[in-house]
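Two complexes, one shared chain (chain A), two partners (chain B, chain C).
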Partner chain A sequence: MTEHRSDLAEQKLSTLTLDGELVEFTKGETIYEIANRHRKEVPTLCYDERLEAFGACRLCVVEVEGIRNPVASCTTAATDGMVIKTSTEAIEKHRKTLLELVASENRNVDVNALSGYSSQEMTILVDRYSARTGRFSGKQSGTSNTGDKNPFILRDYDNCISCYRCVRVCAEREGDYAINVMNRGFHTQIITEFNNDLRDSNCTFCGQCVQTCPTGALGDKKALRDADTEGEIKKTRTICPYCGVGCSVDMLSKGDKIVGIQPAMDGPANEGALCIKGQYAFDFIQNDDRLAKPLVRREDGELHECEWDEALDRAAEGFKKVKDQYGRHAVYGIASGRAPHEAAYTMQKYIRATYGTNYIDNCSRS
Partner chain B sequence: MPSESNQALIERWKDEPAPLLPLLHAFHNRDGYLSDDAIKAVSEGLRIPLAELFGTVTFYHHFSREAPGKAAPRVCTGNICCLHGGDELLESLKDKGATPMPCAGRCDDMIPVIIGDKAYVGLAKDSLEHRATPVPAPNPGGSSECLFAHIREEGRNTLPGYRATGGYSALEKTLKDSTPEALIELITDSKLAGRGGAGFPTGVKWKAVADAPGDPKAIVCNADEGEPGCFKDRAIMDHDPFAVIEGMTLASFATGAPLGFIYLRYEYPETERLLEDAIEDARASGLIGENILGSGHTFHLYVRRGAGAYICGEEGSLLNSLEGKHPFPRNKPPFPVTHGYNDKPTAVNNVETLASVPHIVENGAEWYRDLGEGDHAGTKLISLSGDIQRPGNYEVPIGLPLSTLLYEWAGGPKEGRTVQAVTMAGLSGGFIAGEDLDITLDEPSIRSKGSFLGAGGIMVFDDSRDMVKAAHDAMNFFAHESCGKCFPCRIGTQRMTERLGGEANTLEPSAWIAEIEDIGSTMMSTSACGLGMAAPHVTKSLMKYFPEQVEAFLAKG
Partner chain C sequence: MSNPLADMEKPDVIFAIGTNMTECHPVAATRLKRALTDGATMVVVDPRKTRLAKMAHLHLPIRVGSDVALLLAMAHVIQRDGLIDESFIAERTADSEAFLSHIQQFTPEWAAEICEVPAEDIERAGKLYGRGNPSAIYYTLGITEHICGVDNVQSLCNLALMTGNLGLEGGGINPMRGQNNIQGAGDCGAVPANFPGFQPCDNPDNAAKFAKLYGRDSIDAERGITKVTALNEAGKSIHAMLIDGENTVVTDPDKNHCEHALKSLDHLVVIDIFLTETGQLADVVLPATAWGETDGVQANTERRVQRLRKAVEPWGEAKPDWWIVSEIAKRMGTPGFEYESAKDVFNELCELSPIYAGLDWDRIDEGKYHWPVPDKEHPGTPRLHEGEFKNGMKGLFKVIGYRDPAEVISDDFPLWLTTGRRLEAYHSRTQTGRSAGIEYLLSHESLEVHPDDADSLGLVHGGMAKMASARGEIEIQVKVTDKSPKGTVFTSFSFANVPVNILTGSGYDPVTQTAELKVCPVKVTPVA
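== the complex of A and B ==
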């Protein structure tokens, strides 16, 4: 027990010098994690905190005393006594050069924010480092696959910077292994097996690749339908109603219109993950085919539009008859996954309180 | 003979160590290319996700995806072969489906053309001949040798011949009378250091592997000699294969590793068969396998053939390649000595390093140290090629003046010419020229000029050569071989190649130079592995030694 305590004490005593300040850290932390904790704003493009650090973009390099070359802070574990400088003149120059290089290989630096959750990352960094200089111009990398017929994911690889966040999120988080890297060097290209369309691959259209893409090379096709719709993008935090997992989502709207859905990276149940339904299946909400008024079946056997009073009376009459004739357990309520949470709550309250039965369920539960 | 079924091939390989490369080669050999069907079968057989496997297959230059595939000629268009007409030879073989390949490690001979599993050499398509690797010429300086001491002896590459010239006495002696600790001490004391270029002390590496927790440990011989202008490892493997095998067996004894691989580059097909046969002969004589020479020590050794990727000579990429993963370099630390093959402690050593070991055990640490000039320990193989009278492999005492090698040993430049520049470390060290040619062949001397000796490839360019073109060809190689993982190298090598190829001559000369310098500086400082860190040596040395050639090139517009 004593020994265990001294271990803990020792662990707590691990310190390093970060930009001149002595800071504590826990064994196993990377330099980037520590710097981030101390709000150092170390830039990255290939980093996604949910994924294994990869070390591709090299923007997060920092100087460590005693090591000749700068080290990638995302892949370097901190050690006791390290002396780290996160933002020297030389480091900032390398970062600017790297951003100029990356900007030079793409068709666009600016992409619509509806493309995806991380889609503005590169733009923001390029501007932060004033890297719209047009230097290093030359061939563009990546070949867009805009012919991919799927209705969800835009594959505009002319804007790809080969950070492989999409490949890694697909493997590490979703476990689909649907996409990978073809060729090498400047000719790397994100592909499915045999370079086919996504729908012919293992892809489940969860959209996680889209949401982690830092350049909008992968874009949310459904949200981008409203790229030109007037209005600011408003985000409303809610919970996906489709199933019992409880994924947090941000519903994107412009004016009165719901234009897209993004997973909440801080959602405790999903940490940025969604499934195809939670991500893309929201068109029904504002669909023209939705009923605007209740319908009742009249004596002619046809459904007719009516006022709420008539509809509710008819429903109550039917329920009452069943309950009186067969007892309270003859009623079984099934709420729709497409209904709002408030409606689902009211539904179970109604079934329990009105009939005295617990026969209440939701279509998404099973 | 009916060709073997997918299932038969998978059954043969799936439970072997490091099965992906040999299995892919088995399909490639059977069909001549890797069909969709073959890739699907391998994916299922080895349980590798299909997209991942497809991506990995496309990484390797020599895996064909369509007919005529393997049977089509691959013509070397490396730097030296281009001086000899490699591009023209390629053009003349285009009707046979010929494709270019980067330096194939035969710069001491005519232009290599690989067709199927045979490497031919020649200068024209009608005069291609299949012939053996040249035996190194007798040491022109009369200096004492280590690696080449017995290599010229008849039959040295057969087991009886090897034993007749002193082979395997080092292993016998060690297994009988020594301990792993004593062997590691001996190698440390000899100051033998990594001859693949990194120069890490071999004894220290072995001790780290021996001390690291985790089993089974492994010894990996890096025979992916991909550095342009390097062909020394091929000479050792073809003419003294048992020295490599005995060296590996000694390394396995020192570190306690029961498993070993020789990772051989694709471009040496004859060497693969020779090594396989040598291992089989050693196994049949109880010199490899279980309970070697009754000592209780076990060492199983396998040859794995690469498929055309310079980066697989980088140890992290090599290990990923062996494990069947996408061959990107690994982030370091951790290093292979603790997390190598299958994340177990692994010693990755170069062919030359391992082949030195039996000689050191036989003759002692002091003997080896004394082979170097002055304070330098040991010898280094130099692959000399290009505009020089007698290209070839030379074993030099470390510290030998470069001028002695060039003029006294190798006969100097061609008649009427002068040496304009030489490359160092193959291509990775860039160029050395002018007064800086007055160096000695050891790291401190060469590093003082901003370059390094590395794997020991030296290409000579005489005064008739266009150095901007030479730099372009070199950078084009690095761009072709960049793995595509880290940004500075992936984009930087491309932009440098475009600029050296005249695609950005509309820039003001000062802007052109500033771009080259900024890319170079960022690549050297921030690249994830040695490829990207080293490639800017080419542009840096070009600007340092040949500013007037750069100026003239930019003036052409």
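== the complex of A and C ==
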């Protein structure tokens, strides 16, 4: 077998000049990574730090002394002694022109922020560069797939800018290769194999393509149900409630309504990844089947809603009665593997402190 | 897991056994996929042709319940070919002689008969695992939900010990925990064998310590009974139960027995977010807050302790579980439940648990720590067993023999049923079944049957079948697919209208009392 794969060659620090300042970098870093680290705000649309750099959008170009044409900083490895300018008049003009082209080509520059984690990237850049000039308005590329009736992923390719982030995240991060690119240039179209609906492809509906899309061409259909709901979008960092991986997510809410989920790109367990359950199976929380009040079984043998005091009194009385009649080993507690620590801790304490037994378990045996 | 999730991108050889990871832990599986892209080699042991199995360099579709035989033969190959790590065995293990002499008799040819896979493949699996630098083991309930679950796990430990694949980046023995906080439930002491922080109950010092902490004269210095025993004792010695957030009658084996058990109680109190099938049997049902409605803590499969945060106000009058349990305790006159917040409860746990001693509510804000964190200066322990085992102890080899499952196929029940999960559903679907859109992808349950079995049994794709075990029978729609091997059928337990756990429950592991949910002989006949 191979040598231990984590054995990396010793890394040596080098230096280059970034906007007049001497900075250190590690061999293998790209100009974009170094500029980003120094908060240069180099614009990008095809860049997702989790993916291999792609060099498609050309917004990240910079000037490198000794090289005639501007270079794409995301795909250019830094070398010792490089002299780089991340923002010159010529480069800014080039960036604005590109954004004017992109803005003109898309049906909507403004998309709802519920579309996805990265959905505002293009809008923000278009505004930063005052690129809503309509200078190039005319033909538009991309054809929306309105036939795919899946309830999760909006495929509004009229807004596609061919950055391929969706295709790349599906391949590089998920390993699913569910989508690919058909045709090139103005006729580029993101499709599944045989152009089927996503349901009939390798797609697992993890939503990663949606969350990396910088234009809202791919949108979170479930979250967008609340596009017109009143209120600001609030993000609350929490952990997914399904399996044991413990993915970090941001729960999106408007007022007291939960409207969607976005992956936390800095989540330590998932680094931005999610699956269909964590991404889309959140609305059980505010489902009408939820228990809104305590229930007690009355003389008619049926469960009836009641106030908390009555229910808690009944709960305690029942336990007292059993304890008095049959002794302290007649009561058993089953804690949840789904509820937080505080639930499990108080459950075991309740049993041990009240009955002096270890008659407590959880659901891990089945 | 002995190793952090990040290590899943680093093994040289991946040995995944009894884990349908792309469906049950999809995000963890993405890391294995990246390891494969980087050149790792993967061996998958699973009766079914899962997505993970399709990605493997070597797939061993062993007969359900034959894992021990396979692992013995792999150990045999590793020793025979001199792939053992002599210095690791000498420095860090004990009882190796008995084990190494025991495995000499278990050849790949012997195991091939039991596992129903070619001896050459067993041979190759042993060599791949033995030569990997490092090799990592990943497993899930396909290993534990057997009458020999403990034997299976110890057989995996033997492999890791003999090859020194512990305490290494990208190696280790890595069980993937199935529920978001099943790790935490154990950490918190919600088990009959341990106080919080895995402090054994049968140690009198621990019992005395907790008695004092909890304001009692004494707490039994012996293990309590397990849930399985408690359900068997319902109506006999157990007369009241408090169940928090578990739909026992759907998710547990032998549904009829379980339902009967809960009905024989004098008093059943259920805390949940929905009126589940279990709640419907209760005397009192108490509405708990759900995800996003309360602050709290959970621990993931890599022992990372992370914060849950409240985003919205609770539904109706729902209350946090800890508040509900505390209110019952106060009414019972039990002291020590004057908590005002989840933070109060968690910080008390940290004070009483040696593995959480270095943690508190504020320190876990960013989810950086993997337990054990023995003190405030400690950085946490992403990787266990580096350099030495806990307290300098030795890793013990266990001499294990193969046993048949509790029930084996017969003329009456000629097919093996194995059960599991599906990507789009979670357990009894109380949550995923109430989330819009999921039914577009998974609308009903089905029984996966190999085409040859379908032919010989007269089953048609999409038709209905009757499936019976020694305990009961259900009706289920047939899906003809070669995902299941010939002679084995598969379904999940997610749909209440196809209560497959009426059939299961043939036996339990004698040590853990985990049910043999992965093996159940059945008979399948077409329904006209």
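Methods note: the second predicted complex is superposed on the first by the 279 of 366 C-alpha atoms of A that agree within 3 Å, B and C clash if a C-alpha of one lies under 4 Å from a C-alpha of the other, contacts with A are read in each partner's own complex, and residues count from 1 in each chain.
Keep this in mind: a residue touches a chain if its C-beta (ideal position, glycine included) is under 8 Å from a C-beta of that chain, and two chains touch if they have at least 3 such contacts.
Predicted, not measured: the structure shown is a model, and the values here were computed from it.
Look at A:Lys27: by the touch rule set out above, it reaches neither chain B nor chain C. In the superposed model, A:Arg128 makes contact with neither chain B nor chain C.
With both complexes superposed, C is the one of chain B and chain C in contact with more chain A residues. When the shared chain is aligned, no partner comes close enough to touch A:His304: not chain B, not chain C. In the superposed model, A:Arg37 lies in contact with neither chain B nor chain C. In the superposition on chain A, contact is made by A:Ile276 with chain C only, not with chain B. By the touch criterion defined above, A:Lys222 lies against chain C but remains apart from chain B after alignment on the C-alpha atoms of chain A.
Taken together, the chain A residues at the contact with chain B in this complex read 45, 53-59, 61, 69-70, 72, 75-77, 90, 93-94, 97-98, 101-102, 104-105, 135-139, 141, 161-162, 164, 171, 177-188, 191-195, 201-202. Those residues of chain A that touch chain C in the complex are listed here as 1-6, 149-152, 172-175, 199, 204-206, 221-222, 234, 236-248, 251, 253, 256-258, 267-270, 273-278, 280-287, 289-297, 303, 308, 311-316, 318-323, 325-326, 329-354, 356-366.
The touching residues of chain B, counted against chain A in their complex, run 36, 39, 49-56, 58-59, 309, 311, 326, 331, 333, 479-488, 490-495, 498, 503-504, 511, 515, 518-519, 521-522, 524-528, 533.
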